[in-house]
Amino acid sequence: MDAVSNIILYFVVAIVIAVFSVMAVASRKILRAATYLLFVLIGTAIFYFQLGYQFLGGVQIAVYAGGIMVLFVFAIALTHRPDEKSRPLESHRLRVGLVCSVIGTVLLLFALFTLPLINGLSLTECLSQSHAITMHEIGKAFTGTEKYQYLLPFEAISVLLLACIIGGVTIARKR
Amino acid sequence: MLFGNILIWFVIIPVIMLAGLGLCRNSSMNAIRSVMVVGSTALLGLAIWLCCDFLRLREMGVDDEMLFTGSWMWYAPLNIHLAVGVDGISVLMLMLSAIIVFAGTFASWKINPLPKNFFLWFCLLSTGVFGFFISIDIFTMFMFYEVALIPMYLLIGVWGTGRKEYSAMKLTLMLMGGSAFLMLGLLGIHWLSPEVDGAHTWNLLEIAKLGVDESWQRMLFVFTFVGFGVLGAMFPFHTWSPDGHACAPTAVSMLHAGVLMKLGGYGCFRISIYLLPQAANELAWIFIILTGISIVYGAFSACVQTDLKYINAYSSVSHCGMVLFALLMLNQTAMTGGILQMLSHGLMTALFFALIGMIYGRTHTRDIRQMGGLMRIMPYLGVCYMIAGFASLGLPGLSGFVAEMTIFFGSFQDADTFHRIFVICATCSIVITAVYILRVVGKLLLGPVYDDHHLSLTDATWFERLSTVTLILCIAGIGCFPNWINETIQASFSPIIAAIQNTGILAAI
Amino acid sequence: MDLSILWYLVPSVIMFACGVFGFITRKNMIAMLISLELILNSADLNFVIFNRFLFPGSMDGMIFTLFAIAIAAAETAIAIAIIINIYRAVGNTDISGVNKLKF
Amino acid sequence: MGSTLPILILAIPLFMFLLLGLGGVKMPRKVCGVLGILGMGTTMTLAYIVALSYFFCPEFTVDGVRQQVMVFDQTWLSFTDTLVVNLGFLLDPICAMMLMVITTISFMVHLYSWGYMEHEDGFQRYYAFLSLFSFSMLGLVVATNIFQMYIFWELVGVSSYLLIGFFYKLPSAVSASKKAFIVTRFADLGFLIGILILSFYTDTFNFVEMTSNPGQVLAECGGATFMGASVLTWAMVLIFTGGMGKSAMMPLHIWLPDAMEGPTPVSALIHAATMVVAGVYLVARMFPVYCIAEGSMTFITVVGAITAFYAAVVACAQIDIKRVLAFSTISQIAFMMVSLGVATDSPYIKGEFYGGLGYMASMFHLFTHAMFKALLFLGAGALIHAVHSNDYTKMGGLRKYMPITHWTFLIGCLAIAGIWPFSGFFSKDEMLAAMFESHWFWGAWMTMVAGLTAFYMFRLYYLIFWWEENPEYKHHTPHDSPWQMSLPLIILAAVSCVAGFIPFGEFVTWNRMPYHIHIELPVAATSLTVAVLAIALATVMYRKKNPLPERMRNLFPALWTAAHRRFYWDEIYQFITHKIIFGIICKSIAWFDRHVIDATMDGFAKITNCASSAIKGFQSGNVQAYVAWYFIGAVLLAGITWLCFI
């Protein structure tokens, strides 16, 4: 039996995520869409905290809600006049998009509710089965080469980020 | 070990030429020419040496089916070898190829633009051709076959004239379509032949000894024969030939009609008939009908063409039809005639295309309606053209006559009405050939000069003369003294004939 | 009333569906990028949820999510650089103007 | 006899051909001419030595029968173990006779051409071609086997082509040479198929093997029949087709009149004396086999008889003097054919008449005809040389200006008309005797043709030498030719006068046993009377200019036009070749090739192209469409997986 506060928190966050997701893709003002995305990202971060991944939640807020959103805002500021509204959606696109997303949702939900991959554990039980993840553990996971250790992907990501920085600069540079 | 085999050098020399050309600068025509001349002369010399050596060994009583054999593992997981060996027919084919490469080098003496790249592809093409004739491993054979086909596309597409892209594409696609069939057939032959030492073999001598699964032979025969038949311009798969030849540059037309089309005929008997004798006995009639149509059809089509190269291409359809027709008769004389026709057609078509290229280079037209009386302006080329024409229409003393007569007399040995009727149809082609050859000669060379601008044109230069004289000497040589070639070929056919007759007897039992 | 795995997956599915819808329908490239972020986010969330509920003892899902966030950041940075570049060239950020990459 | 001389007979002309052909351009024309004449003179001498020693040395006669001597016989090409093509030299009476005829006429023509062709371009080429022709013709007559004959048969065909087209700048010469080659080539197709059939059954090409035992040939062919006739008959008739082409029998005669586009000496050599009798020679060579192939002899006779009459009628209505001579040649060769056709291989018919008389007479006529027809052609050449025209309308009254030509031409005319004591009389008498003995109809028919011959030859003679003078002679007086041209005329005229007295039967008979010629008085009297009457008629009509010919012509205008147009044979051929073969068959095949076969192949390409452009629509460059497709695909995959595994 989970704590009621947890359940309430869950509902609040779930509703925030659902509503703002829809608004983020439906809004005709791009800056607002970005703002709604920010709320979705923060909601996700709260979920992470709730699931017991504090570090991840922190990263989510710092990188996503912080860094990436700033990028978005800058990009929008660079390419859009204030108050610029995007054109209304074309009907056939709308139809295709609706069909795709509805079919996808139905299929996924159908799978969720029929496939026997649920072991029925509740969040509390799960949290009780594991210990809190410390920074020490995460650090070791990133710097070792044993089983369940990820030095190679970590390095790869580092190189990727470097490449990305260079690439970003090169592409955006004025010619 | 590898380099000790004389046959390997037929592939190595072109590769060395490729390397040599690679070192030349694109602008230094002299360097390129000297590489080509040295290389093609070396090839010709090698071919002559091989020929002498072969005859000497035969004279000494060495009666293996293939001489100078050698086999080196090339790709072990699939048991593919670089297996080489020649019999009399391959030797003659190598000789033919060497002669035509030699003549082709001189015929494209002033190729423009990109001479270096032209000769690079030209060498690659000859590598493929030589490799094909020396191989006795059917996979290696197929590989060289493909090596020979691909450069064609660029050679026509880049250095050609007229609708060159279209023609190059058509030629390549049709031949590739043929080789798709061929690949199927060859894989079938490989997998459906019995195992040697626990593995399926690609070596055609071993396959011939063991025999291919009889229930599959018919299908494989159709696949391989159609595959090679496309290259041999068999009706109705011949349409790449007129367009392709018409657009190709001189040396490429020469090599293509002279040698590459022979790959088809050679493959037909070396693989389709030799390895699948039973199916050959049963299904030959279908292809006899098709090739019989080719012969007459090509000749009639040639009668109304106005482009010199089209005329020749259609005449090639007719003559190459004769090659396949003869091979399908499945008797020694006719098949010998088929090989003779391959040699003869190779030489004279090469000569034709060389001459057409030279004439085109001067008059800038190939339309016979816009030329006339060239004999007076360029007597040397005119006389050569007439000689080529006479060889084509089967004048005694030139190679065409020998080949055609051997085919007719051989084919007539099959004493049933079906064969008879087709032989008589085929003989009719000699009249039609005379019609279109004389039509061209009459319009192009004789009569009044059509265009006064042509009066200032010059006759052949020394390299053009060298190119044509080589070919004419060979044509006349075969035509005047055919018997040694004839005997060499006949001897080489003995094992193939034996294979066919064995199955014939088995079928009778 | 237990907060089981399904509870958490449902918002994730909604996020994903919205992302797909937005990516297909929006014309503005930045809006498309926003939709893309939604999709990615939903996937990240799934990693974490499955990790927590099905394999509570390990933390591989989380690590994967960390990587995914890093990559998402990189990807966004590049994408925005490209979009700005296109904006400079074309004058707007409409995806319909960028369809030369074909055939 | 050693084989040196026979080989030289063939080798010298071949060598001269190569020498003059390859090196001629570099030589002055005088040298070329002299070389050519010397070469041919040597060849002629050698041929005479060989032939005369064959006829007169006793070593070649065993028990009164002249032997067939295989001087040499080299393998050239072996088709199978038994079917081997040899090149060799078979010496027998007809061969020896032909050697003399060919070399003599050829030498005369070489000599004559020196004067006649002096101012033409390509003099060296001309001599090279003449040598090539002589080589081929000699090779043909010495052939030991039918395939060798076929080889040289083709070679004479091509030399004829080259020589007819000698003035290659004239379109008419080009088309005439083309026509000659193609028509004879078509005939050769029959020849080839005949050889194919015959050699398949007999398994040999050799003349000696076939002719020495024709019964064996018949037995080997067995009872095989095809469309009602035995295979042997078919084979022999097809082989004869080759002869019909070369010897210009109906309906393959159309090339010969056009062949007169060539230089006149060439017409004399090839198209009058030697090559055109190759057909007769072929039949004579295979005579025993022809006799045994039932029906084939009748076929030869009928073809010959029709051709003889047709050609004679046409010759009466020609204006071009060379054409008259050409048709007369056709007619005379047909005479020989008929004579061969009525001959039999039984020694005596009804116990008294010599069955092989027709054969002997035919060969005799071949011999005499070669001489007097060459004479006539060379005479015509001299006339053309003097008047620069082929039409008799430009001539007339020339006897005063060109006495040598006049007298020699007259001798030629008398010889061909069959007037005693000129050579034609004797050979024609023998032929007619043989025909009368076979069936009175052939005799009567051919006598009529002989009468026509006398008429048209004298019509020609009078129109050239009498009639009325062409007023243009005042500007340009014609005169006799230089000695190089006159000498051959005189020699040939002399031969034509005396050749009839040669006891030809002693030398050449079908079974190579001597036969004593005696004049059949009734036949001789009849033919002589007919000939004299015909000459008298010609004299009345054409000796002086008078309106009689005009009136005759207007009596049957249609007949005159038809005869003048050679009964429209050329038009028929033109229609068949141009309209039907070229216009319908070739054009439709070419159309079919382009629009059906090629279009099918292009169609495959088009289908592929269409399919790919249909598919490439998916790759629109529209990222969102990609996503939609991708997503639909993923959903489908998921659905399928789910359906399959749950």
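Should a chain be cited, it is by its letter among A, B, C and D, assigned in written order, with residues numbered from 1 in that chain.
In the analysis below, a contact is a pair of C-beta atoms (placed from the backbone, for glycine too) under 8 Å apart; a residue touches a chain by one contact, two chains touch by 3 or more.
Only a predicted model underlies this, so the values are computations on that prediction, with no experimental measurement involved.
Shared contacts of subunit A and subunit D, meaning chains that touch the two of them, come down to C. Subunit B and subunit C, compared by their mean Cα positions, are separated by 63 Å.
Chain centres here are Cα means. That of subunit B falls 37 Å from that of subunit D. Distance between chain centres (mean CA atoms), subunit C to subunit D: 95 Å. Taking each chain's centre as the average of its CA atoms, subunit A and subunit C sit 7 Å apart. In subunit D, 624, 628, 631 are the positions where the chain touches two or more neighbouring chains simultaneously.
Residue positions of subunit A touching 2 or more other chains, listed in rising order: 93, 96-97, 100, 104. Because contacts link the chains in a way that matches no line, ring, star or complete pattern, their graph is best described as other.
Touching chain pairs in this entry, ordered by label, are A-C, A-D, B-D, C-D. Here subunit C touches subunit A in the complex through residues 1-11, 13-22, 24-28, 30-31, 33-35, 37-38, 41, 44-45, 48-49, 52-54, 56-60, 62-63, 65-67, 69-78, 80-85, 87, 92-93, going by the rule given at the top.
Residue ranges of subunit A in contact with subunit C, taken from their complex: 1-2, 6-7, 10, 13-14, 17-18, 21-22, 24-26, 30, 33-34, 37, 40-41, 43-44, 47-48, 51-53, 55-56, 59-60, 63-64, 67-68, 71-72, 74-76, 78-80, 86-87, 89-90, 93-94, 96-98, 100-102, 104-105, 108-109, 112-113, 117-124, 126-127, 129-130, 133, 137-138, 141-142, 148, 150, 153-154, 157, 160-161, 164-165, 167-169, 171-172. Those residues of subunit B that touch subunit D in the shared complex are 169-170, 173-174, 235-236, 238-240, 243, 297, 300-301, 303-305, 332-333, 373, 375-376, 379, 390, 393-397, 401-402, 405-406, 408-410, 412-413, 415, 423-424, 427-428, 430-431, 434-435, 438-439, 442, 445-448, 482-483, 486-487.
For subunit A in complex with subunit D, the touching residues are 93, 96-97, 100, 103-104, 107, 111. Put simply, subunit D touches subunit C in their complex at residues 616, 619-624, 627-628, 631.
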